[in-house]
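As written, the chain order gives the labels A, B and C, with residue 1 at the start of each chain.
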Amino acid sequence: MSATAGRLGLSAAVLAVLIYLIFPVIVVVAISFSSGNFLVFPPPGFSLRWYESIAGDPEWVNALWVTLKVGSLSALIAVLLGVPAAFALVRHVIPAKALLSALILCALVTPPIVTALSTYLFFVPLGLVNTVVGLACAHAVSGMPFVVINTSASLRSADINLERAAVIHGAHPLWAVLRITLPIISPGIVIGAIFAFVHSAHELLVATFVLGGVGKPVAVKIWSGVQATSDPTIAAASAILIGLAIFTFASAAATQSLAKRRTA
Amino acid sequence: MTALAEPRAAPLLRPALSSRGRMLPALLLLPCLAWITFFFLAPLVLMCWRSLASEGFSLEPYGVLFTSPLFTKVMITTVRTAAITTVFALLLAYPLAYALTVSGGKVRALILVFTLIPYWVDIIVRSFSWLILLGDNGMVNKALMALGIVSAPLQMLYNPFSVLLAMVQILLPLTTVTLFGAMLRIDRTLITAAKIHGASEWHAFRTVFFPLSLPGVYGAGLLVFVLALGFYVTPALLGSPRETMIAQTIMVEASQLLDWPQASAAGAVLLIITTSIAAIYNRYFSLDRLWGGSDK
Amino acid sequence: MTEFAAAAMASGAQLRLRQLTKAFGASQAVDRISLDVPAGAFVSLLGPSGSGKTTTLNLIAGFLTPDAGDILLDERSIADVPPHKRNIGMVFQSYSLFPHMTVAENVGFPLRMRTRLSRQAARQRIDEMLALVQLGHLGTRYPRQLSGGQQQRVAMARALVSHPRLLLMDEPLGALDKKLREQMQVEIKRIHRSVGTTVIYVTHDQTEALTMSDLVVVMHQARVSQVGTPRVLYEAPANLFVADFLGDSNLLTATIAHVSGDELAVEIGNGEKIRAARGTSAAAQGSRTVVLIRPEDISLTATDERTAGQDVVAGTIKDISYHGDTFKLDVALGADMLKVKVPRERGAGMERGQKVFLTWNSSVVRLLPAADRTSDASGEDER
C-alpha cells in the first residue's frame, strides 16, 4: 500500500469520524433556532422564540440560576481542596502516592447511579437533600480530579527553580508559592475549574436525587423535558448550556494568552 | 596547601529532620482526602450497609439479584452493550488518535478541538439529537428515501443500533484522547529507523507502531468499558425495554419502587465490578496517567 | 593562606560540612560528606551526574533537609535555618529570572525581601551590581529580551546584590555554547575577585573546575573522592577515579618489583620494569598496583635515544589522530595500549605500524591504590 494512499485513507477516516462526532452538536444548535414547532432537522426557518420562551419562563430562569450556583460553588471547593493536593502529589515524597491519587480519581470511574444513590442515602439523615449546598458538595467530589490532574500537569512543567530563586534570595516560601508559582500554573488551575464546572452543569443523576424537586438545575429540567415535551425549548436550553461553557472557556483562554504575552 | 581533606572525625550532630517539614504534605492532602472520604466513600459504605440490613441482617436482595431473570437479563445486556461499545469506540478512535499523533501543530490543534467540542454538550442532548436524526421523519430516513435506497422509513430507533450508535459517539472523545496520550509516548524514531531499513509505511506501522500501541489500546478499552457499564441516559432515551441497562433498573428500584435494599444491592454489585476493573487498570496503567496527554 | 583568602576574609564566609547525609528512599544521594571551605575561596564540586554534587548544593541552600550531619556558616550551624533566612546567593542553570519583572527589579529583589534600604540606596546598589556584571544599560529590559549570557549575568547580579557571604552556583554555564561558556568563566572569576565572597560551584565539566577553582572537591557515588587544588588533583590523584576523571590518563596494572629507600620500580604488563615516584601509598614488594602516566608526559622518538636515569620502552603505533595543535597516538606495549600526546611537529612524521620508543621522567609515574572505597573498581577500564 503506497504512502499517499494510506494517508488519503487516514484523512478520509478521520474526517468521517469527526463528522460523526460533530454533527449531533450542530443539529441541536440548529434546532434551537427553529421557527417550527417540532423537533425536526433541518429546521424550517430561523427564529429566536424558544430562547424567548426560556427567558420568559421563571422555572427555566430559576433552573439556570441554580446550575450556575451549584457549578460555581463545586468548582470553587474543588480548587480550594485540589490545588494543595496537587502540590503535595507533585512536589513532595509521600508514601502510597499511587494509591492516594487513585483515590482522588475514583469518583470519575464510579457509575453515576451508584454515586447518586449512595449520596442520597447519606444526605437524608444529614438534611442536605433539596439544598444547593448539598449538591455542590457532592459535585465537588467529581470536580476535584479535574482540578488535581490539570494543576499537577502545570506544576510538573513549571520550573521549580523560579520558586527556589525567590526563596533563597529572601522570600518566605509561602510568598514564593503564591506570588511566583501560582500565577505560572494558573492556566492549569483555571482549566481544571472549568472542567469541574461543566461536569457539574451536565451532571444528571446525583442532581435528580439530591435536588430533583422544586429548585432543580437545568440538567434535570432538560431530562424531564425530553421525556415529556417535543418542542425545541429543550434544544434552546441545551444551546444555552453549550454557550455558557464555550464562553467560560474562551474567556479563560483569552486571559491566559494575555498573561503569557506578558511573561513569555 | 590549606588542609581540606576529610577533617578529624566529628561527632554526629543533629538528629532527623524537623517535624514541621514532615507534616506539610499531609496537611496539603488532608482536606482533599477528608472531603472525598466524607462525601464519597462514607456514602458508598452506607449504601452497602443498607443493602444488607433493612429489617435485620439479610442477604435476600443479593439472592434476588442473582436468581431473578429480570436482573440477570439486565446484567447480561449491560455487559454486552458495554463490550460492543468498547470495541467500536476503539476502532473509530484509533485512526483519529493516530492522525493526532502524526499531525503537526495546527492540524493537530484543529482535530483536537473538533474531537473535544462534543464534550461541551451534555449527554442528554447528544443522545436526543440522535432521536431527531434517526426518527421516521428524521434526516437519515429522508435522505435514504430521497436516494431511493428504501421505500419506507427504517426503524432505527429504540433498538440496540441506536443505543450503540449514540454511546460510541458519546465515549469517542475520551477514548481518542486517552489513546492519543498513550501514542504520544511511543518513540517515533523507531518507525523512522524501520523505514530507513526498507520497511514501507504500512509495514513499519504494522510491525513497529501497532504492537507498541497495544498497551494504550487495552488501557483505553478498560476505561471505556467501565464508563459504558454505568450508562443511564442513552439507553433510557434511545432504547426499548429490551435494551435496559443496570443503571436504569437501579433507578427504578430506588425512585419508583422505593426498594432501597434492593437498589443498594444492585448498586453494590455494579460498584464491585467497576472497582475491580479499575483496580486492574490501575495495576497495569496507573489511573493518573490517563489524562496526561489530554491537557487542553 | 593565599592572597585571595586574606583579602576576602571580610566578605566571604567560612563553610563547614560535617558528615552530611541524605537519602531518597533506598538510594543514598549524599553519604557522610565532610568539608572545610576557607573564607573567600572558589570551590568546585566536580563529579559525574549522580555523584551527589547537586544534592549537596541543595542541602547547603536549605531546599533539602539532611538526614544527619551539620552545615556551619562562619562556625554557626544553619541546618535548622530555613532557606529564605540563610542570606545566601544562588545562580541556577536555567537562570530563573522572574519573567514579569525588569532586569533592575530582578536584581533588586533580594533587597526588597531582605533589607529595608531606601529606594535611593537600593537604586544605587542595583546600579553598582549591574555595572559589576557590565550590564548597566539594560536595567529596564525584560529577561526575555536578553541573550543567555546576559541573563546569567543578571542572575549573578541578583545573587550578589545583598552582599551575601556565600554564593552557590548550580552548573550555571551548562545551557551556553562553548565560546560563550569560556567567556563567562573569565567573567565569573573576575566578579569573584572583585566581590570576595565564598563560592561553591557545581559542575560536571572538569576543564571548568580546573581553570576556575581555588579548590576542587571531586565527588563520586555520594562521597568525596579527593579534595585539593587543581594541580594537586591533576598531578597527584589519590585514587583511580580521580586519575581517570580528570584529563586523559594511562592506567596500567603493575606489580611492585622493587622497593628501597627513595627508589621504586614496578613491572608492567609486557614484563618491563620502570621506575615510579614514591608517592604516599604503602608499597609492598610483590603487591598489585595501578600506575598512572599522563599522555602529555610521554616523549616519543623514532630511535632509541635513551639517556641515563630515564626509562625507555619500545612500542608500535596502532592509531594516530590529528587534533590541530597536537597529535594523539595509541601505542601498543605488549598487552597494554598507551595514549601519547605529542606536539604537532613531533607527530607529523609518524605513521601507523611504526616502531617507536617512549620515554618519560620517572617522577610522572604515579602509584594509585589498586582499589579503594571511592573508586569504581568493578566498572573502570584500565587502559
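Worth pointing out:
In this text, contacts are C-beta pairs under 8 Å (C-beta built on N, C-alpha and C of every residue); 3 or more make two chains touch, one makes a residue touch a chain.
Not measured: the values here are computed from a predicted model.
Top contact pair of chains, counted by C-beta pairs, is A-B.
Put simply, the chain farthest from chain A by mean CA position is C.
Measuring from the averaged C-alpha position of chain A to that of chain B gives a distance of 16 Å.
Inter-chain spacing, taken between the CA centroids of chain B and chain C, is 54 Å. Shared interface positions of chain B, defined as residues touching 2 or more other chains, are absent. Residue positions of chain A with contacts to 2 or more other chains are 93.
Touching two or more other chains at once is no residue of chain C. Here chain B touches chain A in the complex through residues 24-29, 31-33, 35-36, 39-40, 42-44, 46-47, 50, 92-93, 95-96, 98-99, 111, 114-115, 117-126, 128-133, 137-139, 169, 172-173, 200-202, 223, 226-227, 229-230, 232-233, 237, 246-247, 250-251, 254-255, 260, 263-264, 267, 270-271, 274-275, 278, 282, 286-288, 290-292, 295-296, going by the rule given at the top. Of all the residues in chain C, the ones that touch chain A in their complex are 24-25, 61-63, 82-84, 86, 88-90, 92-94, 96-100, 109-110, 112-114, 144, 155, 158-159, 162, 168.
By the touch criterion stated above, chain A contacts chain B in their complex at residues 1-3, 6, 10-11, 13-14, 17-18, 20-25, 27-28, 31, 39-42, 77, 80-82, 84-85, 87-89, 91-94, 98, 100-107, 109-115, 117-123, 137-138, 140-141, 144, 148-150, 152-153, 188, 191, 198, 201-202, 204-205, 208-209, 219, 222-223, 226-227, 234-235, 238, 241-242, 245-246, 249.
Note for the complex: chain A touches chain C at residues 93, 159, 161-162, 164-173, 176, 180, 183, 262-264.
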